[in-house]
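Listed below are the structures to be examined.
Both of the next two complexes hold chain A, though its partner changes from chain B to chain C.
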Partner chain A sequence: MKKYLALTLGVLTAIGGFVDIGDIVTNAEAGARFGLGLTWVVVLGVIGICAYAEMSGRIVAATGRPVYDVIRERLGPRAALFNLIASFIVTLLTLAAQIGGVAVAIQLASGIPHVVWVAPVAIGLWILMWRVKFEKIERILGLAGLTIAVFAVSIWWLDPDWSALSGQVMSITPPPGEPVPTYLYYAVTLFAAAMTPYEVFFFSSGGVEERWTVKQLGIQRANVLIGFPLGGLLSLGIAAAAAVAILPLGMEVETLGQVVLPIGLAFGLAGMIVVLFGFFTVMVGAAFETAMSCGYMLAQYFGWQWGKRKQPKRAARFHAVVAGSVLLAFLIVQTGVDPVMITEVSLIGSAVALPLTYLPVLIVANDRQYLGDHVNGRFGNAVGLVTLLVVLIAAVAAIPLMIATGMGA
Partner chain B sequence: MSWIEWHGRDRIDLGTQMLDRQITAPEAVHVGKVDDLELHFREDGALEVTALLVGASALCRRMPSPARGLLRLAMRLTGGPHPERRIGLAHVVDVKSDVEVTAEAGESATSPTERQLRKFVSRIPGAGREGS
Partner chain C sequence: MGTGTRSRLHRLAAVFALALSLAACSSLAASTGTKEDQLTAVTHSQVQTARLAAEAGLEDPPAPAVTLTVVLDDARTELVGTQEDLAKLPGDHEDLAGLVEDAIALVDRTATAIEDGDRPALREALRQAEALATALEDRSEKL
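Up next, the complex of A and B:
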């Protein structure tokens, strides 16, 4: 019984860990423009994040070492420092995007401009992290975040053309009239949103905090392999709703306010309350995860005390970095930059930085000195290598595509 | 790879088996990383590892110049630079995927920056509660 409970809660956490402002924005943008024509990218991204998280979870269970420990040991301090700086900047931008997203969700609910809400959101986030238990935050926000399933439900109310939708799902080429670079730009951001580095920093550090051992490998693997695909389905629900309600209008999605349009059409005010609540919890959860990840990375590179399980005053530098990251992210958003813009920039950065942290994990997952009998099997390596290829292509293509298309315009 | 497994071996690659490993004291206290090693020439001419060196100052020596400048700047901004700390080899208890040292060595190698910040963080309500 206890085992099933652990599984359920773990799955919830994984679903919540998957969906964030990046997934919300990119799925809505892609859905409004290409219908479900980029479904294959979300599938690739989900396979990728499953492989990445499963390997790093296995490393944690077998050795007790989180990702950045492994990166410094494997790459040496120089390459790892470069890696750390790149990943830190990207994660900080992702944190800023989530904080901005929460502020916009409150704006949509209250009508008062989002810049007013940035400071209260940042302060509230810090208090949440300082006072509330790790597991409580993860479970409550994970469960509450499921409300964004309202997107998937809305499709039935909007009475779509099912055969057209299923036709889009099967396609792997741009719809007629759409330029290939734009299609590929959206493919890269959608992939980056599904496979974001912070998810794995957070996941593996959380595993160390919860003291995983090889005994829990089965449950932990099930959490990943059930939770992340369900998170992917929730994201695809957003794309599908946009495909049904926004695509026929010939409109482009540029704000979170437009993302929730299908819900307004399907369920009116009640739907809006549910979806804004869902956005709020999902993004607060992601803000928690990204802020903690900022602290995890630095602390693990330098070997500091870290984690929520330790007395806060015994992990002073860790908590200072977490609070400092929230402060920096707050300053970025408070300038008034559009949170959707920050999201897109952070996703391009994620795509570029991902190989830096993915490759060392793949290498260590094959190292018998670390993992003994728990090294990758043949299937694991096949998936791992295909993912590596996709990750590399996305990383190389990201910036040229961003420039060539003017950020998907 | 454990300390025991080192016995009787002709060669140990300190670069992969020792440098940059996590140093841990009892009760999962993170002390720091093996940022550098102290070596001495023995009378027979062989080099001997005598201590682990911990701290950003020790790490700096192993960095190329732009990264070194960045680390120095970071140290200055956080009230340093502080001298590196030394953990004699006698205080190393075991080497697994981390390097385990005695509680006493762990305490004495605590970073001065961490100590200073602890004074500040302790004043925030809730800083002393058990972790969660």
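Up next, the complex of A and C:
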């Protein structure tokens, strides 16, 4: 019974870890523009994040240490510094995007401009991190975040042309009239949203906080292999709702408000309440994960005491970095810059930084000195290498595509 | 890995990046169109946003007015920005300027109808949104 409970809770955590403002925005934009024509990218991203999250979990279980700590030791401080700088900047921007997204979700429910909500959201987040236990935050927000399944349910109410939708799913080329670079730009951002670097840092550090051992490898693997694909399905639900309600009108999605319109059409008042609650919880969860990841990265690189379980006076620098990151993110959003714009910039940054995150994980997961008999098998390496190749292509293509398409215009 | 192989790999990566950049840049025009095309597309998108908001307001029970009003405020901001961009554009764009003006008026009427819960006015706004969207699509095809 205890095992099943651990599995259920772990799956919820993985679902919550997958879906954030990046997934919401990119899936809605892609759905409104290409229908379900970029489903293959989400599938690729889910396979990639499953492979690397499983490796990260295995590293934690076998060594009892977080992935970043092992990477610094294995590759040396200089190589790990590149990883640190790139990942920290991207994660900080992602945190800003989540805080901005939460503020916009409250604006959509209250009508009061989002800039008014940014400070209360940042303070609330800090209190949540300070006062509530790690497991409780992850599980309650993970469970509440499932409400965004309302997008997938709405498709039946919107009465789509199922054969057209399935045709889009099977397609791997841009629809007629859509330029190839724009299609590829959205493919890169969708892939980056699925494989955002903080997911690996948070997942592995969370494993240390929850004291994983090799005895729990089975459950941890099941969490990854069930939770992330379910997260991917929830994201595809957003794309599908946009494909059904927005694509036929030739309308572009540029705001979170436009993303929720299909739910308003399908379920009116009740649907809007559910979807705004879902957005709120998903983005608060992601803001918690990104803020903690900022602390994890710096503390693990510099060898400071770290961990949410540790009292602030015992891990003062870790807690200061977490609070400082929330403050910096707050200042970014408080300038009034559009949270959707921050999301898009952070996703391009993520795409560029992806190889710096995932290559070291693959190297460490193959090192017998650290993992003993738990090193990657042939299948794990094959999936890891193919994903890494895609990651490299996405990293090289991200900035040229962003410039050439004017951010997917 | 030998130095020769590594250098070949570096060159291959550079050629790949260059080819990708050139391909991307060459389709820039196809991707973004002229400024007038872009402004027409933005206007069309906001008109369709108003249309969806009106439809959501006609649901039973309707989607919350507060949420739809925020959506329409954003649409209005975009349209006012489009109007300003159009004014700076050299040449005669009276035709498009008129459509943008109509779009702003439509968004305002839809927002008022949603706030008042005025269903006949919402149905009328929906009809006008469809007509305006068609006019903008016809214009795009002519460009």
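Before moving on, here are some points about what is shown:
Going forward, the second predicted complex is superposed on the first by the 409 of 409 C-alpha atoms of A that agree within 3 Å, B and C clash if a C-alpha of one lies under 4 Å from a C-alpha of the other, contacts with A are read in each partner's own complex, and residues count from 1 in each chain.
Assume a residue touches a chain if its C-beta (ideal position, glycine included) is under 8 Å from a C-beta of that chain, and two chains touch if they have at least 3 such contacts.
If you're wondering where the values come from, they're calculated on a predicted model, not measured in any experiment.
After superposition onto chain A, the partners chain B and chain C occupy separate space and fit alongside each other.
Contacts of A:Arg78 after superposition on the shared chain: chain B is touched, whereas chain C is not. Within the superposed three-chain model, A:Gln305 lies in touch with chain B and out of touch with chain C [touch as defined at top]. Judged by the touch definition given at the top, the superposed model places A:Leu276 against chain C, while chain B stays out of reach. In the overlay built on the shared chain, the residue A:His319 is in contact with chain B alone; chain C does not reach it.
After superposition on chain A, the vertex angle at the CA centre of chain A, spanning the CA centres of chain B and chain C, is 140 degrees to the nearest 10. Within the superposed three-chain model, A:Val214 lies out of touch with both chain B and chain C [touch as defined at top].
In the superposition on chain A, A:Gly64 contacts chain B only, with no contact to chain C. Put simply, the nearest alpha carbons of chain B and chain C end up 21 Å apart when the two models share chain A.
Residue overlap on chain A between the chain B contacts of one complex and the chain C contacts of the other is empty. Within the complex formed with chain B, the residues of chain A that make contact are 63-65, 69, 72-73, 76-78, 81-82, 130-135, 299, 302-314, 316-317, 319-320, 369-370. On the side of chain A, the complex with chain C involves touching residues 107-111, 179-182, 184, 245-246, 249-252, 254-255, 257-258, 260-265, 267-273, 276, 396-397, 400-401, 403-406, 409.
On chain C, the positions that touch chain A within their shared complex are 13, 16-17, 20-21, 23-25, 27-28, 30-32, 38, 41, 44-45, 48-49, 51-53, 55-56, 59-64, 66-71, 74, 78, 133, 137.
Contacts from chain B toward chain A in the complex involve residues 1, 16, 20-23, 29-33, 35, 54, 56, 59, 62-64, 67, 70-71, 97-98, 111, 113-114, 117-118, 120-122, 124, 126-132.
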